[in-house]
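Read from first to last, the chains carry the letters A, B, C and D; within each, the first residue is number 1.
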C-alpha cells in the first residue's frame, strides 16, 4: 500500500472523530490509517451510521410480536399481514440537507427511504411525510415550506408512489433546524424478502443505478453536527435527486428480484458505497474486495476517498449468485441503468479496495463495525412542570374554535397534500385529511391503515409522557378508521446528546415509547435517529416521530371522520377531565406553554380503543374521529366540516371540557336508534361514553350559544395555509 | 377487442389503466397487452393507451422524449389507419409532442403540482370515447399533474371549436364544497381538459378516468369512458 | 467542441414561469421590471470538430428533440476553442 | 434595456435532465455527444438605462431569486440597443 503522510490531529477533528476514537482506530488497524481509511472509519463511526449515542437506549424498545418477520437491523421492518403478504416500512430523517436546500434535501430524503424499502423486495405503495418548521413569522419559514413540500412531491409524484398522509407543525424551536421525516410503506410476498447479509466466497459484488459523483461527501458527518455560521460553506455537498432514475431502479430491482439471482442486496444510503459494503460483509461474516476503478463514475479524477464516501443517490449494491451476472446485466441494460461488477466476496474478513490493482485501503470488517464507539451518555431528567392553575377563557368557545381552526396549528393541510399525488396506483381508499390513510392491498379486499404522529410540546414538558403519547396517538389514529394496529417505525429527532438535559429528553421519550409499545402490542420494527438538531446551542423540541401501520381485514368495514347523516347521535368515548396543560388552546389563545402534558394511561387507551374498533368491525358505526390537538370541539368541527353536516352540541360550559387534550378519547356518530345500545355496551366494557350532540343543519351550535355556519368555519380553516404561503 | 398500453420509462399509471381496462373488457389484466416503448413493432390492436406518469422524469419537456420512442412510429402509423388512441395525462403530453394532437401542455399556471378531484363537462358525446355520456354531463374525476395547462394559438383554437375537437372542459360541480378551488386547476386556455384530433379517433385528456373506475378508490365517473370504448371497438 | 442551445418560448405563447418570476421580483421590491421570459439553456459536448457539421447536427437535435417548434424558438452558439 | 441571465448547475452537481437528454439523443442515433447539461435562460425587460446600474440590479435578482446559488451559477448579459 502506498505510504502517505501522517494523519494530523486537524484531520482527525475534521472527520468528527475524538482522540479516543482515533486511538481505537490505531489499535484496530495495528498501524496508522491512510486518509481513505480514516474517511471510512469516520463515516462508519459517525452518529448517523453507528448510533453511538442512542444504541444503548434503542435496545430497550420492544421489537417482537408473532407477526413481526424482521425487526430493526435490516434496511426496513417487515410485518406479516396475512394471506402470504408482508408490509415493509421505515421512516427516516433528512433534516440538515433540507434546511440547506429544501427542495433537493426533501426530495433525496424521499428517495432514500424508498430505497430502504424496495431493497427488501417490496413494491413501495405509500409515502408519508412528517414536517416541522419554524414559526410562521420567521423570515425563512415560507421558503422552507414551499421548497420542502415541492421536493417531497417532486420526488414521490415522479416515482409514482402515492403520498397519503403526514403532519405539519410550526414552532419557533425549529427556526434554525427544520425536520423532514419521510416514511415509505411497501408490499411484498412474505416468502420473498431480501436481506443484506453477503455470502458465497467469490461471488460478484455488483453496483447498479446511477454513476458516482462527488455528491454529499461528508454528508453523513454533516448530518451529525450542529449548525453554525459556516454551514453556508458546506453547501456544495448537497445531493440532487433523480426520481426518474429511481423509478427505473425500482422496476429493474423488482424485475431482478423475480428471478433467482440475488444473494444479498442493499441500497447505498448515508456513507454510500462504504456503509453498504461494510454492512453486507459484516452481516455475512465475510470480506469484500472492491475494484475502485470499476465503480461507474460521473466525474473525472475521483480519488478512492471520494468514491468510497460519495453519497450520490439512486444506487444499489448486490451480491449475485455465481453465473447470473449476464442475466442481471440484461435487466439493468433494458432500464438503461449502470451495471458493473465492482468486486467480490472474500473469506479474508477484510474490507479492501484497489486502484489499478494496488490496495488503497484494507480494514478488518468485524472491528470496523463492532469496535465502533458506544456511549452511555450522562443524562438528567428535567423537573416536572408545575401544575396549571385555573384558566380563564379569553373569549367565548365558538370564537375560540374559529381562531384555532384558522391558525397555524390546526388549519387544513390541503395546500400541502394537493401537491402530492395521493391517488396514483389506484388503491388509495382514504386520502389525506382523515385520521389514518387507508391503502388497499392491491387486488384484494383488505387494506393497510397508515398514520404518523408526535406532539413535541408534550415531549418537551414531560419526555416520558410525550414519548408514550406519540405511540398512543398513532395507535389511536389507526384504530379510529377501524384497523388493527400492527407495528411502528420511528424517527427520533433530538438536539445535542452530549448535553445531559437533551440526553434526558431522549431517554425519557424512549422509555415512554417503549412502555406504550409494550402495552399496546405495537412493536418497533425499524427507525432512525437524528441528533444534533441545534443551531447556536438551541435545540429543537424533542420530536420522536412515530409512523404506524395497521390492517383492515375488510375494506368496506372502516370508519371515516366525515359525518354521513343528519340525525346521528354524537357520542364521546373516554373520560374528559379538561386537561389544558400544554394544549393548543393555551398556547395559541393565551400564549402560554405551561403545565404538565396530558396523562397517558395505557390500560385505558387500549380498553377504549379496542371498544371503538369493535364497534367499527361489528358494523355498528362508520363515523369516528380520535381526539388530539385542540380537543373535543375541534374534533367535532372537523367531523362537521368534512361531512358538510352541522352539529348541535351540549356539554359543560368550560374551556377545559371543550378544548382540553385528555387522551384515549374518540368521537363516534351513529343513527339515534343505535345510541342506547352503544352506551350500554360501553358501560358493560367499563368505557366512559356520553352523548354530546346530534348532527343536522348547516351550522355548529353549542347549547345556548350563537351558531356558526360551516361555510364560515371552513373558510378560515382552508384559507390559513394558502394565504400564508401566498403573502410572501 | 384488443387493447394495448404503452409502457415508457417512468410511466406510472400503466398498471392502473391496465386494471381498469381489463375490468371494462371483462377479463383479467392479461387481457390488455403491455407494450415496451423500445419495441419497433406492435401487433395491430383496436385501442392504444398512452398512460400517465413521468416518462423520462418530465425532463426537458413533459412527453418530449417519449414522443420520440421507437414504438411511437408504430403508434402514429396505426393512428393514421384510424386505430383509437387514448392519452391520459402524461399520455396527452406525449400525443401533443408527437403531433397527433394540436397544442401543447405547459406548466400549471400556479406552478404547483395539483392532485385533486375536478369536474369536467362532456362537450362532445358523439365519439367512441364519449358515447356513453350525455353531452353537457358533468363528471367528477381526479387530476394529478404539474404540466396540465393546455395552450394553443387563437386561430387554431377557433378551428378546433368548429370541428368539435374540444372533448372536455373544466367546470364547477354542484357537489364541490371544498374551499379555495377554482374550476380550472391549471389555467388551461378555454378551460380545456381534453381534446380530440379532427377525426375523433385520438383523445388526450389531463384527468385520469382510470382513477375514477372503482367506487372504493375514486368514484366511477371515468369508467364509462373505458367501457364505451370497449363496446364501440368490440 | 461545445454547443450552447438557447430555447425560448415563441411570442404569444404563455409563460407561466416567467410571469411568476416577474410577480415575485415585484414583491421583492425590484422596480422597473417589464416582461420576464424563462427559457432553456442546453450545453452539449460534441466530438465533432468541424463547425459546419456540428451546427448541422445540433440543428437536427433541436428539430427532433430539444425544442418543440410549435411553441419554441432556438438559437445555436458554437464554441470551438 | 434587456438582460439575459444564464443559469447553469455548478460543476459536479448531478443534472438529471441533462443526463436523460444525453441518453435520448443517443437513443435517437446522434453520435459523439458527450456530457449534456440543462440550464435556464431568463430574459428580462428593464426600465433602467444605465448598464452598470442594470447589472447591479440583475445581480441582486439572481442572488435573491433567479438562481439557487447553493447548486447553480449564473452569468448576466446586457443588451442595450
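Just so it is clear, a residue touches a chain if its C-beta (ideal position, glycine included) is under 8 Å from a C-beta of that chain, and two chains touch if they have at least 3 such contacts.
Since this is a predicted model, take the numbers as computed values, not measurements.
Engineer: Higher C-beta contact count, A-D or B-D?
Structural biologist: A-D
Engineer: Just curious, how far off is subunit D from subunit C if you go by their C-alpha centres, in Å?
Structural biologist: 9
Engineer: What is the distance, in whole Å, between the centres of subunit A and subunit B, each centre taken as the mean of its C-alpha atoms?
Structural biologist: 35
Engineer: Based only on mean CA positions, could you tell me how far subunit B sits from subunit D in angstrom?
Structural biologist: Roughly 34 Å separates the two chain centres.
Engineer: Got the subunit C residues that touch at least 2 other chains?
Structural biologist: Answer for subunit C, listing residues that touch two or more other chains: 40, 64-66.
Engineer: By the touch rule stated above, which residues of subunit B touch at least two different other chains?
Structural biologist: Touching at least two other chains: 56-57, 59-60, 65, 68.
Engineer: Could you tell me which residues belong to subunit A and also touch two or more other chains?
Structural biologist: Correct list: 242-245, 336.
Engineer: Kindly provide every pair of chains that touch.
Structural biologist: A-B, A-D, B-C, B-D, C-D
Engineer: In the complex of these two chains, what residues of subunit C are touching subunit D?
Structural biologist: Touch list, subunit C to subunit D: 6-8, 18, 21, 24-25, 28, 30-48, 57, 60-61, 64-66.
Engineer: Which positions of subunit B touch subunit C when the two form their complex?
Structural biologist: Residues in contact with subunit C: 60-61, 64-65, 68, 96-97, 103-104, 106-111, 149, 151, 153, 187, 189.
Engineer: State the interface residues of subunit B toward subunit A in the complex, per the touch definition above.
Structural biologist: By the definition above, subunit B touches subunit A via 9-10, 12-13, 15-16, 19-20, 38, 52-54, 56-59, 112-116, 142, 144, 146, 177-180, 208, 210-211, 213-214, 216-218.
Engineer: Write out the stretch or stretches of subunit D touching subunit B in their complex.
Structural biologist: It comes out as residues 16-17, 20-21, 24, 27-28, 38.
Engineer: Please give the residue numbers of subunit C that touch subunit B in the complex, ascending.
Structural biologist: 12-17, 20, 40, 64-66, 68, 70-71
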